[in-house]
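Common to both upcoming complexes is chain A, partnered first by chain B, then by chain C.
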Partner chain A sequence: MKDQRLETRVDTQTIKIEARKAQVYYGTNHAIIDVDVDIMDKTVTAFIGPSGCGKSTFLRCLNRMNDTIPSCRVEGSITLEGENIYDPRVDPVQLRARIGMVFQKPNPFPKSIYDNVAYGPKIHGLTRNKAELDEVVETCLRKAALWNEVKDRLQSPGTGLSGGQQQRLCIARAIATSPEVLLMDEPCSALDPIATAQVEELIDELRSQFSVVIVTHSMQQAARVSQRTAFFHLGYLVEFGETGQIFTNPKDPRTESYISGRIG
Partner chain B sequence: MTARPLNPRAALDTRESLLVQDPRTKARNATEKRFRAYGLTAIVVALLALVWLLVSIFGNGLPAFRQTFMTFPVTLDAALLDKGGKRDPADLAKATTFTYGKVLATSLGAEVTAKGIDLGAVQPKDLIKMISEESPATLRNLVLADPSLIGTTIDFTVLASGRIDGYYKGRVTMESAALDKNISPDQLALADRLKTAGVLGMKFNAGFLTMPDASDKRPEAAGLGVAIVGSLYMMFVVLILALPIGVATSVYLEEFAPQNKFTDLIEVNIANLAAVPSIVYGILGLAIFINFAGLPQSAPIVGGLVLTLMTLPRIIIPTRAALKAVPPSIRDAALGVGASRLQTITHHVLPLAMPGILTGTIIGLAQALGETAPLLLIGMVAFVRDFPGAPPDGLFDPAAALPVQIYNWTQRGDPGFVERASGAIIVLLVFLIAMNAVAIYFRRKFERRW
Partner chain C sequence: MSIGLLSLIILVLAALGYVIGRRKAVGQVEGDIRKLHSLPPFYGRITALLTAVPAFFLIAAWLLAQPLFLENKAISLIDPAELPAGKSAELMMADVRRVAAGLNMLEARGDEVGPLLASPTALKTALNGAGVVLETEPTPSTLAATAALRDAGDTSRLAMTGAALLLALAGLAFGFSRINPEYRARNATEQFAMWLLMTSSLIAVLTTVGIVGSLLFESIHFFRLYPASEFFFSTTWKPQFGGGSSLGILPLLWGTLYVSVIALVVAVPIGLMSAIYLAEYASRSTRAWVKPAIEILAGIPTIVYGLFALITVGPLLRDYFASPLGLGTSSSSVMTAGLVMGIMVIPFVSSLSDDIINAVPQSLRDGSLGLGATPSETIKQVVIPAALPGIVGAVLLAASRAIGETMIVVLGAGAAAQLSMNPFEAMTTVTVKIVSQLTGDTEFASPETLVAFALGLTLFCLTLALNIIALVIVRKYREQYE
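Let's look at the complex of A and B:
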C-alpha cells in the first residue's frame, strides 16, 4: 500500500498558494523564517516536523487565523492565485470562506448537525432557499462520509456525536462554503485508528476537488495521504518535495534524521 | 552489592502491620476529623442563624397579611353628605372625612342595636375609635366617585382600628388597653361581642400589597403598593440600562479592546467600582442626577439610574467571566468558516455565555432591589401616598421603594408597624427568591454542553 501511494504523482501543476520569504514573529520571537512553499491545486500537501517547528503557525498564516493573536506579525508574501492575502484591502472573512480550516480538536458548534453544516453557507449567502441549503448540507455530509450515519438525526446536537464523527462533521462544515483550499491542523490526533482511517480516506477523496494542506505528527500518515511533503525544523522549511522522494531519498541530512526517528 | 535504600528511615525497618495505624497516620487522620468537625459546626451555626431569622421574620411578619375588618350596613344620609341636594361635586366635596366618620359611627351604632349587642360601658360616640381613621376617607372617596350612592344603604367593610387589630394578634391586652388612651378594655370587650355576632372578623389583607403607606397613627392601613410599584419601576430602569450597557462593555473589553495600559486601568477600575460602598453611589446620584441634571427627587428614574451605576460593574464582571469561559475552539471554528468577529460573538460566543450573563444580571438586579442606602440620599425615603403614573411619565413621579419602606416602618412609633416591617421583609424576600428562581430557570434553559 505504501509503495502504491508513493508512486502517486501530482496530477496538476497549477499553483494555488505561493509563499515567498514568509516570516512570522510572535512579539520578538521569530517563529517562521524565510519559508518558500508552493501549494498545488488538487493535491494533498503534508507539513511534518517536530513539535514547535512552526508548521501549525505557518498553516494558520495561510488563512490568516493568526490575525486573532495580537502579538503575531507576518512578513513576506503569501499569495492565493496571485493575490497577496496580506494586502490591507483583503478582508480575512472573505479569505477564510475560500480557504477552509479543520482543527486539531473536533470543535462542532453546540448546535444541531444540520446547523453546523448550514452555518457557513448561511452567513455567506451561498444558497437562495431552504431546499438549496438542504441540498448543500446533504452533499457536504455525503462528501464527509457522514450522511448515512446522521441522516435520521440531523436536528440532534453535533456535540453528541463520537470524536471521529465530530471531526468528519467539522470537515463537512469546512467544505460547505465551497473553499478552494482546505487546511487541516493535525485532524486525526484526537481520533482512534479506525476514525483516523476514515478521515484519511476522506482526505484522499477530497483531493479531487480541493487543494488540501495537512499538518501531521505521524509520518506514516503523511506518507499515506500526501503527494507533496514539507519538512519544517526550528522555523525553517528544510525540505519540500514529492512525498515519495522525501521519504525514500531525502536530500537534507536533517530530514533523514527526522524520518528515521533520530530527531524529533 | 545491595542497593542503598533511598530513604534512611526505611533502613531502620520500622514498617509495621497495615492493620495498625502508625502515629503519623493517626495524627493526620485526627487533623482531618477536626477539620471536618469545624466545617460541620460552621454549617450548623449558619443554618441555626438562618432558621432563627426566618422564624423571627415570619413570626412577626405573617400577621401583616391578615387584618381585622368590620362589615356592616352603612346608611349614606343625604342630609349630612349633600346639604345642597344637587349632587354637585363641589358641594359633595364639602363633606369632610369627619362627617363620614360620624356616618360610620352612627351606622355601626345602628348595627349594634339591630343585632341586640350589648354596648357595655362604651359610649356610642366612642364607637368611631374602634374604626380605623383611614376608613372614613375610603368611604368618602367611594361616594365622591359614585354620588348616586348617597341616600342608599350599602354593605361596607371598614378596617378595625390598629389597637383592635393588635388585640386579635396578641399585641394588645386588656391590661395594656387600660393604660392606653386610644382604646379601652370596654371597647375590646365590645369587639369580642361584635366578633361573636359576625360583624367583626379577620381575613386576608390584600390591602397590604395594594394600599399606599399610611401615617404614623394608622398602621392598620399601611400598605406596600407604592413601594412595590416604585421598586418595579426602578428594576425596569436598571434592566433596560444596565443589561445592554454591561454586556456591550464586556463584549468590547473582552473581544475587541487591545491589551494595553489603558484597558488594564479600566479593568482595575471596574473591579474596584464593584466594591465601592453603595451610599457613595447615592451621593454621586444626588450630585449628578438631581443637583446637576435637575431630575426630580424621590423619582424612580433617579433611583433606577443610581442603581444602574451600582449594578453595572456587578454585571460586567460575571459577563466577562462568562465570555472568557467560552472555549476558544468555538471562536476558531466560527472564524474558520469565515464568520466575522461580530458574527462569531453574536452567533456563538454570546449564546454560550448567556447562562452566565443572565445569572450575573439577575443577581445584580436582586442586589439593586434590596439596596437602601443610595435611595435614602436621593429622597426616596419621603412619605408618598400617591401612586406614580404609568411609565414613562410615572418614572418621574415620587415613589417609595421596598427596602426604604422597611427602613421607614422600623422608625415609626406605633407597635403596629413592627408587623408591617416584617411583612414587607417577607414580600422583599419573595421577590428575591422569585428573581433567583428566574436566574436558575434561565441558566438551565440556556445551558449547553460543548
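Let's look at the complex of A and C:
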C-alpha cells in the first residue's frame, strides 16, 4: 500500500517543506536568521556551510527535535505540505514519525538488529501481525543494503555491528516508519570511505521514495548526492539553488570563497 | 620508648632524608638542576620514603605478630592444677593479660609495683582502684605468667625500637647513597607510590579474608557443639540459657527474607519512578532540590526509623489494617518493619538509578524521539534497557542494606522467631538474633553464644550469593548489549 502511494506521486517539483522567515534563538543567541527554503519532494537537498553556521540547527527545526532543548525558540513559518508544523494543533511526536531523522553518530538502541528496525512500526502500530512486521524489517534492511550482511543474525545486538553497518541500521530504522522526509545530520562523518560510499549510494536510491535533506561538511559529498544545495553562513542562508549551479557558478562571493576553500 | 615517640623519630629521620637527599642532588650538579634527571624534590622524596615506609611497616608487622609469640611462652607457665573448675588455660590468659595491662597502667602512673606483686590481695585492690576488676585473686602461676609476659613485652618492645630505628637509618643511608644526577628519582617515586597503593588495596582484601576466617573458625566451633542439620533445617528457634536449646535458622531466615522483600517491594517502584522523574522530566531547578531532599532519607539514623516504626507506623497498621481485617493485634509486625525499611532504602535505589539513567547517552533518546516515540515510550523501551545493569546493581545494593538492617527490625518487627505467612505478625531476623545472642549473659563457649557466628556466616553467604547473582545478570546483559 505504501509503495503504491509513493509511485503515484511522480511530480518531483512538489514542494514538501517550505520555510519562510525562519528564526531560531538559543536563549538570546540568534542562531538562524530569516531563512527561506523550499524542500522539494523526491529530491536530495544538501545543507553545507562552516561549523556553527546553523545548518544542523535548522535541520533539527524541520522535525521539531529542537523542542527537547529548553532554551530553544523558533519563529517564522515552516510548513509541511502547507501545514505549519509549529502550530499548537500539531503533535510533535506525530510529526517526527512523518519526518524521520538519522544522526551524525550511529545510535542503535541496545536491542537486537530486528528490534531496532521494528521499533518504529511497533510504537506506531504500522503492522497487524508478526509476519507483516517481519516483512517490513526485511524490506527496510534490504533498502538500507544491510540485509545480506545481517540476515543470519537478526537477533544479535545492533550495537555489535561495525560503524558503517550501524549507520545503515539507523537508516533502516528511520525508513521503517515510512516517513515522507528523511533528515540526515552528517550521516557519514563517523564512517570510513567505503561505508560512506555505501551510505551515499543508499541516499541516492532513497530519493525515489522520500525527500532527503542531508547536512554535510564534505562538499564532494554534497555534489555527489544532492540535486539542490543550500549554503549557510553565520546563521544566514546565503545561497540556495541547483547543486550544479552552486558548485560551478555560485552567485554569491561568499559561496564561491567557501567552495573554493577560502573561508570555512 | 613509646610508639608515638618512635614514630616521631622516624618522621624526623625522613624529613632529614628529604633535606639531605635534595641537597646532595642539587650539589652534585652545582645548582644547575637541568642536568638532573628529575626535579630536586623527587630526590628528597624518594630518600624520605625509603627511610620512613619500611620502618613503619616493620613496626606494624611487629605489633601484629608480638602477642602470638609472647603468649605462647606465658601460657606454658600457668599451672593446670591451679585452674578453677571449668576454666581453661586460654581463659586464664585473659586474666593474665588484664593484670599485665593493669600493672603497666599503675607503673605509668608512678606507683610502686614491687610490693604489690608480693601480695595477691593488695594487687587485687590496687588493680580494682585502677579500674581493672578481677573475679578472684591472682594465683602464683598467674602472677608468674604475668611477670613473664611483661618481661617479654619489654624486651620485645626494646628490640622493635632498635630494629625500626636501624631500618630507618639503613633506608636513609641506602637512599642517600643512590643519589646521582642520572638516578631516575621521579620514576622510582612512581614505583614506590604504586607499591604503596597496592599494599593499601591488599589490606582491604586481607581484612575481608580475616573477617570471613574468624566467622568460619567460630562457626566450626559451634558446629562441633551443635548439629549442623538441626541448625539449618529445624523450624524452631528457642535458645535456653541453661542448655538444651533448639537453634534452627529457618524462622530467622524466613523473617529476614520476608522483611527484605516487603522493603524492596516498597523501595524499588518508588525509587525507580522518582529516579525516572528526576532524570527525564524534572527541570534542572526542581532536580537541584528534590534529589538532595530524597538523599536526606539515607542520612537518617536507622534507630530513628526504628522509633518511627514503633511509635507511628506499627500502631497505625494495627488499628487500621490488621485489627479490622482480623489479621492480628500486634503492633510489631513484618509489615511495619518492611514498610519503614523500604522508605529507608528508597534513596539507594533512586539516587543511583538517577545517576545511571543520566549516563545513558542523549543520542539514544534523540534516536527514539526522532522516530516519533513519546518520552515515556523512549524511557520504557530505550533508556531503561540501556540502564538496566546499573539499575540491577542499585536494587541489589538496596537488598543488601535491607538484609543487614537491625534496628528497624528490633523496634518494628519484634523479636519473636516464627514461621508465618501473615505479614501483620511479629517476626524477627538473623541480625536481631545475632545481637540478642551476643548480649546475653551466657558463657562465650556455649552454643547459644557461638550460634551468632554461624548466623553471621549464613548472612554473609546470603549477601555474597546476591552479589554474585547481580554480577552474573550484569555481565550477561553487557554481553548482549555492548
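Keep in mind that, in the parts below, the second predicted complex is superposed on the first by the 253 of 264 C-alpha atoms of A that agree within 3 Å, B and C clash if a C-alpha of one lies under 4 Å from a C-alpha of the other, contacts with A are read in each partner's own complex, and residues count from 1 in each chain.
The rule is short, and it goes like this: contacts are C-beta pairs under 8 Å (C-beta built on N, C-alpha and C of every residue); 3 or more make two chains touch, one makes a residue touch a chain.
This one's a predicted model, so the numbers in the text were calculated from it and none came from an experiment.
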item: Side-by-side fit of chain B and chain C on chain A, or clash; value: clash
item: Which of chain B and chain C A:Q94 touches, first, second, both or neither; value: both
item: Chain B versus chain C as contact partner of A:V74, first or second or both or neither; value: neither
item: First (chain B), second (chain C), both or neither touched by A:T177; value: both
item: First, second, both or neither for A:C140, with chain B first and chain C second; value: neither
item: Partner chain(s) touched by A:I113 [first = chain B, second = chain C, both, neither]; value: neither
item: Which superposed partner A:I123 touches (first chain B, second chain C, both, neither); value: both
item: Chain A positions touched by chain B in one structure and by chain C in the second; value: 63, 65, 68, 70, 93-97, 100-101, 103, 105, 107-110, 119-120, 123-124, 157, 159, 170, 173-174, 177
item: Footprint of chain C on chain A - complex, ascending; value: 63, 65, 68, 70, 93-98, 100-101, 103, 105, 107-111, 119-120, 123-124, 157, 159, 170, 173-174, 177
item: Residues of chain C defined as touching chain A within the complex; value: 283, 361, 363-374, 377, 381-382, 385-386, 480-482
item: Residues of chain B defined as touching chain A within the complex; value: 258-259, 327, 329-340, 343, 347-348, 352, 448-450
item: Touch list for chain A against partner chain B, complex; value: 63, 65, 68, 70, 93-97, 100-103, 105, 107-110, 119-120, 123-124, 157, 159, 170, 173-174, 176-177
